[in-house]
Amino acid sequence: MKITVVCEHNPGMESEKGRRAYPEGLGNCLCDLLRETGAEVTLVRADETGVALTDEVLGGTDVLFWWGHWYHKQVDDALVEKVAARVHGGMGMVFLHSAHDSKPFKRLLGTPCSLRWREDGERERLWCVSPGHPIARGLGEFIDIPQEEMYGEYFDIPTPDELVYVGWFEGGEVFRGGCVFRRGRGKLFYFNPGHETYPTYRLPAVRTLLRQAAAYVAPAEGVGETPACRHCEQFSVPSAR
Amino acid sequence: MKITVVCEHNPGMESEKGRRAYPEGLGNCLCDLLRETGAEVTLVRADETGVALTDEVLGGTDVLFWWGHWYHKQVDDALVEKVAARVHGGMGMVFLHSAHDSKPFKRLLGTPCSLRWREDGERERLWCVSPGHPIARGLGEFIDIPQEEMYGEYFDIPTPDELVYVGWFEGGEVFRGGCVFRRGRGKLFYFNPGHETYPTYRLPAVRTLLRQAAAYVAPAEGVGETPACRHCEQFSVPSAR
Amino acid sequence: MKITVVCEHNPGMESEKGRRAYPEGLGNCLCDLLRETGAEVTLVRADETGVALTDEVLGGTDVLFWWGHWYHKQVDDALVEKVAARVHGGMGMVFLHSAHDSKPFKRLLGTPCSLRWREDGERERLWCVSPGHPIARGLGEFIDIPQEEMYGEYFDIPTPDELVYVGWFEGGEVFRGGCVFRRGRGKLFYFNPGHETYPTYRLPAVRTLLRQAAAYVAPAEGVGETPACRHCEQFSVPSAR
Amino acid sequence: MKITVVCEHNPGMESEKGRRAYPEGLGNCLCDLLRETGAEVTLVRADETGVALTDEVLGGTDVLFWWGHWYHKQVDDALVEKVAARVHGGMGMVFLHSAHDSKPFKRLLGTPCSLRWREDGERERLWCVSPGHPIARGLGEFIDIPQEEMYGEYFDIPTPDELVYVGWFEGGEVFRGGCVFRRGRGKLFYFNPGHETYPTYRLPAVRTLLRQAAAYVAPAEGVGETPACRHCEQFSVPSAR
């Protein structure tokens, strides 16, 4: 399996808190944990100049992770269409944290994907509402994130095909924070934790969850072309009578 | 529209807190608020001797409310089957609070409907996750319940057909507290608030919500027979060629 | 209620078959049947120059019908965004027949919405798979369309929030031909029958269905702004302990 | 993995057509194809005396197949409860053909599960409506069954959690014939083909599909106890402020 991680580099990561949380860089932290699955993992940088994702790398990707926050608008619209087409053909995607506001996420879901937020380092407890789900295997009734950016409802997404986690925040909010969507032959997973100044991706439960998410959204049958409308001239079933 | 309210009378209601919350009785409080819709409303008592719901009353009911807590096991299995059959034929139902553990609810959903609970009078905030929904009309982003029994996930129900509210509890839990299920021609709504010792059904937002829920689950086309398997001898469409 | 009907005028409508099916024009036929609801109905022409839908008309629309086939690509992208934003704010939409390939439909669903097709005037039988649904009220177990363009699976849409009709075609195909989707505060209904050379919109059952669809997708609470992400500085619930 | 196959022995199987279709017995045919997965497979007979499924065999089962037709009523209610409890704890089930009318299916779904039927040996074409689904892997756009008993809509089931196949029948009907339901920690798959007098389970595509279904519904994490309501005395998250 080939996993590609698109990860933004932004000034928040250069802050003292950011460097303390991820001295090796948040993108490298994600790649390292995903390599433990045995997958071939490639890091692609996003920044104020856009996303350095080539057709060749995208064309070989089975599962694409996307972490972005400051530079959503810098992502090229043509690239967004290529990513969406590959999802329709079967590629899996995992959208992390502020990627709720990324162009590919909104393109694939069709809604504003807006939410309430507050950056106050408060505790999040993610309750599993689908205990038999492969993404939640072995992770117990809930996952605690000691400090996280609050993301709250109303989260303006279509009804998820599978709702796996609902987050509780100290300050009074709830959030559908672990959601699977199917689009064409592809599957998407959205997971809210992962602000760049909190070391959330170091938590063992979160690392296991992300590896299980990669396996879950991986294409069952490879990635094909985006299907177009097809004309079929003949009756597909000849009348037997 | 004819609404029937099955409401248990139990010792909790006779406690000082219970009498202070509902001096007229919780069942009468429900009936009064539902009468404001213009519906004809009938109260049916449930207690340690079972539920006094006659075939005649059930047979004329468009929407059945169910509030029960102490005496679920005393409900007659034959009555449960009659209620389920009428739902399959189109009757709407609203299950309140501990009715999650009632026989008709479990019969219609097919799962244990178990949950976590704690009676500690803590605040619940119900967030609307479906803001265009008729049940939530005019009620804003959230509904606050000053004191309620905590009901928390994992709530062992099938995935709701429509998830309308998710509750946040002070003590750290979340709960899918406002859920619509379709079963046969009938619709069900489950709503978690309403412990017998807190005056939750006096809150204006809750009263509006319950009236809107009654309207939403009311049958679109009357209540018919439970459909049975039907043999059809002929090809339903004659071959044109 | 204000209904706006965007309807393409194309050369197929000028053919002998087209003029025989709808001497008054397909768009006028749709408007006439919708006026029987008591709604104020406005017809907006689409053709090779695009869609003549002004901000003023769109801004007053509760439910927007969309019929297009030949000139999807001529629809202005900025208009598509305005339509999508109004749906997110609560406007209902009904997409008819080839509007499965229209820009607003694909924008709101996020998938290619491709399908198989054959224009051979064969019979379609639409089976109701949600008999208590308000859109299907009074219409029986199935609706017969004597001659229609075949649209077959795989129809590349997200899982509908409510599947109401599944079509059977003489030639061997099935099609999820009556589907409700919720997007933001708005509801969409897609209905496959209605090729411009068959008088499908004259069938009493189809006319009733379209009126019921308009009522079903109409906004419960008016149309508001598209919600954006909102920052909330304070804990929404002050800690009680 | 341990698979148990409950398969009825009925007089239809002793008919000339029945013996020609499955000389080794339909139950043995199912067991043989499932053994190709490497699983340990046990056949359990059902007949007019009931189902010979012991607690020991059930208690060791990961995936339970159920084929029944004539003797649904002879199945012991206490066994039905045990089967349901094990599904809630994580066991997978595959219900075949007339098992739509079996007690465990109706117990787990909560609806009558009634349908239209006609035994006329007509062709069924099952169209895949979820092409990325693991159960459909490698099986193409449709599966043809040369002769099958017709099962048609309205099929009185809850909305499936995942709709994988929709059947087309020569005589004019459609049927949601390949459906996944999640109940508690367990997954169910229903598949309509398999009347006892047609050799459907010899078709390579059907055999592959059934093996993939077994893998799909297999528990991700073993089978546990049916969860009961749990009291939790303390706030689960201690207030930080």
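Lettered A, B, C and D in written order, each chain numbered from 1.
Convention: contacts are C-beta pairs under 8 Å (C-beta built on N, C-alpha and C of every residue); 3 or more make two chains touch, one makes a residue touch a chain.
This one's a predicted model, so the numbers in the text were calculated from it and none came from an experiment.
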Study note, to complete from the structure: The chain pair with the larger count of contacting C-beta pairs, comparing A-C against C-D, is A-C
**Study point:** Equivalent interface to A-B, taken from B-D, C-D or A-D so that over half of the residue contact pairs match
**Key:** C-D
Review point. Taking each chain's centre as the mean position of its Cα atoms, how many Å separate subunit A from subunit C?
Key: 31
Point to revise | Distance between the centres, which are taken as Cα means, of subunit D and subunit C, whole angstrom | key: 36
Practice item. Mark out which residues of subunit C touch at least two other chains, giving numbers and ranges. Key: 122, 125, 131, 152, 154, 159, 168, 170, 172-173, 182, 184, 236-237, 239, 241
Review point. Along subunit C, where are the residues that touch subunit B in the complex?
Key: 90, 122-123, 125, 130-134, 137-138, 168, 170, 182, 184-187, 219-221, 236-237, 239-241
Revision key, fill the gap. Subunit B residues touching subunit D in their complex are 84, 88, 101, 107-112, 114-118, 120, 122, 152, 154, 156, 158-159, 161, 170-173, 181-184, 226-237
Check your understanding: subunit B touches which residues of subunit A in the complex?
Key -> 125, 127-129, 131, 141, 152-155, 159, 162-163, 166-169, 172-174, 176, 239, 241
